[in-house]
Amino acid sequence: MRFLEQMMKIDRRWIYLAIGLAVIIPAIIPFTVPVPVSKEVKNVHDFVENTDSNNPLFLAMDYDPSSMAELNPMAEAILKHAFSEDRKVIIVTLAQFGPGMVEEITTRIGKEYNRQYGVDYAFLGYRPYPAITIMLMGTDFRVPFPQDYYGTPLDSLPIMQGVKNFNNVRGVIDLTAGNTADMWIVYGNGRFNFPLAIGITGVMAADYYQYLQSDQIFGIIPGVKGAAEYEQMIGKPGQGKEQVSYQLVAHSVIILFIVMSNVAYFATRRQKKTIGGAQ
Amino acid sequence: MTGGQLLLNGLAAFLTLCIFSFLYRDNPFYKFAERLVAGVATGYWTMLLFHTNFVPVVWNRLAHDGRYEYIIPTMLGLMMWTRFSKKWSWVSRYSIAFYIGISSGITITLSLYASLFRQLEATINQPLTFDAAGISSFLIIVGVLSALVYFFFSAAHKGSMGVISRIGIYVIMIGFGAGFGMTVMGRIALLVQRVIFLRGYVNSLTAFFGG
Amino acid sequence: MKREIPLMIVMVTGIIMFLQYFFPGRFLFIPFISSEKLFEFLNDWVMVIGILSLPLGIWSLLKANVNKLKAADERFYSAILLMGFLVMVISGWMPEWRTKGVHLAIFQSVLIPIQSTIFSLLAFFVASAAYRAFRARSVLATILLLTAFIIMMRFIPMGPISDINNWLVEKILMVPNMAAKRAIAMGIALGATATAIKIILGIERTYMGRD
């Protein structure tokens, strides 16, 4: 009884230690876990796969370093997929600390696949006020972005020739950690009706399935598990796939915590009832 | 990895540990890293706004392209700065009014269309057949209506309304439970990424000094 | 003048943006006004106003920290913040600041690790919350707990049970979870629309502050 009561009042730092150890184990002893592919992630993969080389994809990387752990693996997997299949990609970021990350990822993966900046991909840069930017891009990319991130006028980039607005791209994939996803759905798809898919963080993942069922979005990549599924489909395991083994151990520990705390809760409650009844 | 890169990664590893030290208790190392990032982030954003936003969107249009119609929004933008003066802060209302008016006008139509009409349509536009898909469609209708009834406070939640709103709160709880389950994945991912970084740093240190 | 004109600006711009949605070609059938151009023009103005007003926040932060330099206990941390800001601003003037150099190095070695580590602390807090608060105290709490449990179990390989669990996860996400989130989204859309209408009609004026 005393043990169970103590277990219920355990210092939070012991829990922190357990979680810390749980994520260190796979770092020391690496292992892989199979990842079944879900339909909503496959839809995004197939969309990139079925894009023709002349019709650019539009990738919005609307996230800051705070959520890069979940969204960078998605961005890398999509870019690797697009570049390896000779697809053109136009990239933008509507997150204030996004440009530094986007620049690094696009340049690195571009080099890895021998893609030429301005011809095979372009990075338009960052603008504040996502809703306004999305609506302005819907009329003409050149209105919110007269120049790309590097200061080159958009008309000088071969990839932008004949690309005025969302009508001239195959579709939009938005990777986001905030309500920018809502803005792409409401102000982007709602007004301009382009095909839209979202890659979102685990925290947001359960909140967007209604838009999938209503066909306002055609796919969802939910958190690192979604990224791992995408990596599996393109046969290029990366951080998403690596993360799944860590997730397994950490989830097991948290599930164990929940079971333990409930066992302790019910046992102490029954004990209290018995004592109360005896008195 | 070069020595310079190793040093920069060392700085990143040190700052990572400074933040983790908060788990024990608040301390000067955590405070140092927290304030440092606030300053660096503000500085980064300032330069980003200046070079990649102010220059192409405001300055170039006025100074190089001769598009003088942008004088009006530029004036409205500068009027926002009167907020620092008690006497003149009312002037900034003109700029705020412009922003609020335009946003409100757009919100009405698009919000209703994307988040209400399309959602309503998707709820009722499903065939109610005697198979798995039909049952799901039926449960979606029941779920959406009961959850809406739970949020409807203009009628007392008694009798049939009480029963429906009770079903509604059960449905909402499943939604929140699903949200929590997904959140665990998200939060763990953030920690794992830092652990992977630290492991990589330790490996590069070993490789650098151990040959 | 101080209130009436801003209210009028809100009403006029709000109504224009509302109406242009219903006139895809010519705005109100006026021959030389294109709805799309009007939409683009007004939104572009908002962007310019916005870009010029964002430095207000930066200025406020710097001012507050310059003032804190006078307080003995906060002096060091405010100095760190201001130093971080100055280093980023100065390095932001160097050529090729976007692709290499001190500016990008600090972004990658200071901003990225600190910001991502601060958020990774949430992994510990979510585990603690799961242990302390996730108890089957009532029917509602049990539903929440069970749902989260099933969602979390999708990471644990359990042979054929995993197939059943994955099927269950898909059903939970696509039926009750979806119904709950749809009801909430519809409520938010109605709320946003009502607020926008109140703002345009001048009933809601809190954005103007006090005189």
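Chains: A, B and C, in written order; residue numbering restarts at 1 for each.
By definition in this document, a residue touches a chain if its C-beta (ideal position, glycine included) is under 8 Å from a C-beta of that chain, and two chains touch if they have at least 3 such contacts.
Quick caveat: nothing in here was measured; it's all calculated off a predicted structure.
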Chain with Cα centroid nearest the overall Cα mean is chain B
Between B-C and A-B, the pair joined by more C-beta contacts: B-C
CA centre of chain A versus CA centre of chain C: separation in Å? 16
Taking each chain's centre as the mean of its CA atoms, chain A sits from chain B at a distance in Å of 13
Quick check: how many Å separate the C-alpha centres of chain B and chain C? 4
Return the residues of chain B touching two or more other chains; collapse runs of consecutive numbers into ranges. 23, 41, 44-45, 49, 53, 57, 103, 106, 110-111, 114-115, 119, 122, 140, 175, 178-179, 181-185, 187-188, 190-191, 193-194
Interface hub residues of chain A, defined as touching at least two other chains: 16, 19, 23, 66-69, 97, 99-100, 127-128, 135, 144, 149, 206-207, 210, 213, 225, 247, 250-251, 254
Going by residue number, chain C touches two or more other chains at 43-44, 46-47, 50-51, 54, 98, 107-108, 111-112, 115-116, 118-120, 123-124, 126, 130, 145, 149, 151-152, 155, 173-174, 177-178, 181-182, 185
Enumerate the contact residues on chain C facing chain A in the complex. 36, 39-40, 43-44, 46-47, 50-51, 54, 98-99, 104, 107-108, 111-112, 115-116, 118-120, 123-124, 126-128, 130-132, 134-137, 145, 149, 151-157, 162, 166, 170, 173-174, 177-178, 181-182, 185
For the complex, which residues does chain C have touching chain B? 2-3, 5-7, 9-18, 21-22, 42-56, 58-59, 61-62, 77-78, 80-89, 92-93, 97-98, 103, 105-126, 130, 139-140, 143-152, 155, 171-190, 192-193, 195-197, 199-200, 207-209, 211
Chain C-facing residues of chain B, complex: 8-9, 11-13, 15-16, 18-20, 22-23, 31-47, 49-51, 53-54, 57-58, 70, 72-74, 76-78, 80-81, 83-84, 89-90, 93-112, 114-116, 119-120, 122-123, 136, 139-140, 142-144, 147-148, 150-151, 168-185, 187-188, 190-191, 193-194, 197
Would you tell me which residues of chain A are touching chain C in their complex? 10, 12, 15-16, 18-20, 23, 33-34, 36, 38, 64-69, 97, 99-101, 103-104, 107, 127-129, 132-133, 135-136, 139-140, 143-144, 149-150, 206-210, 212-213, 225, 244, 247-248, 250-255, 257-258, 260-262, 265-266
Residue set of chain A touching chain B in the complex reads 13, 16, 19, 23-24, 27, 66-70, 96-97, 99-100, 125-128, 131, 135, 144-147, 149, 151, 185-187, 189-191, 201-207, 210, 213-216, 222-225, 239, 242-243, 246-247, 250-251, 254
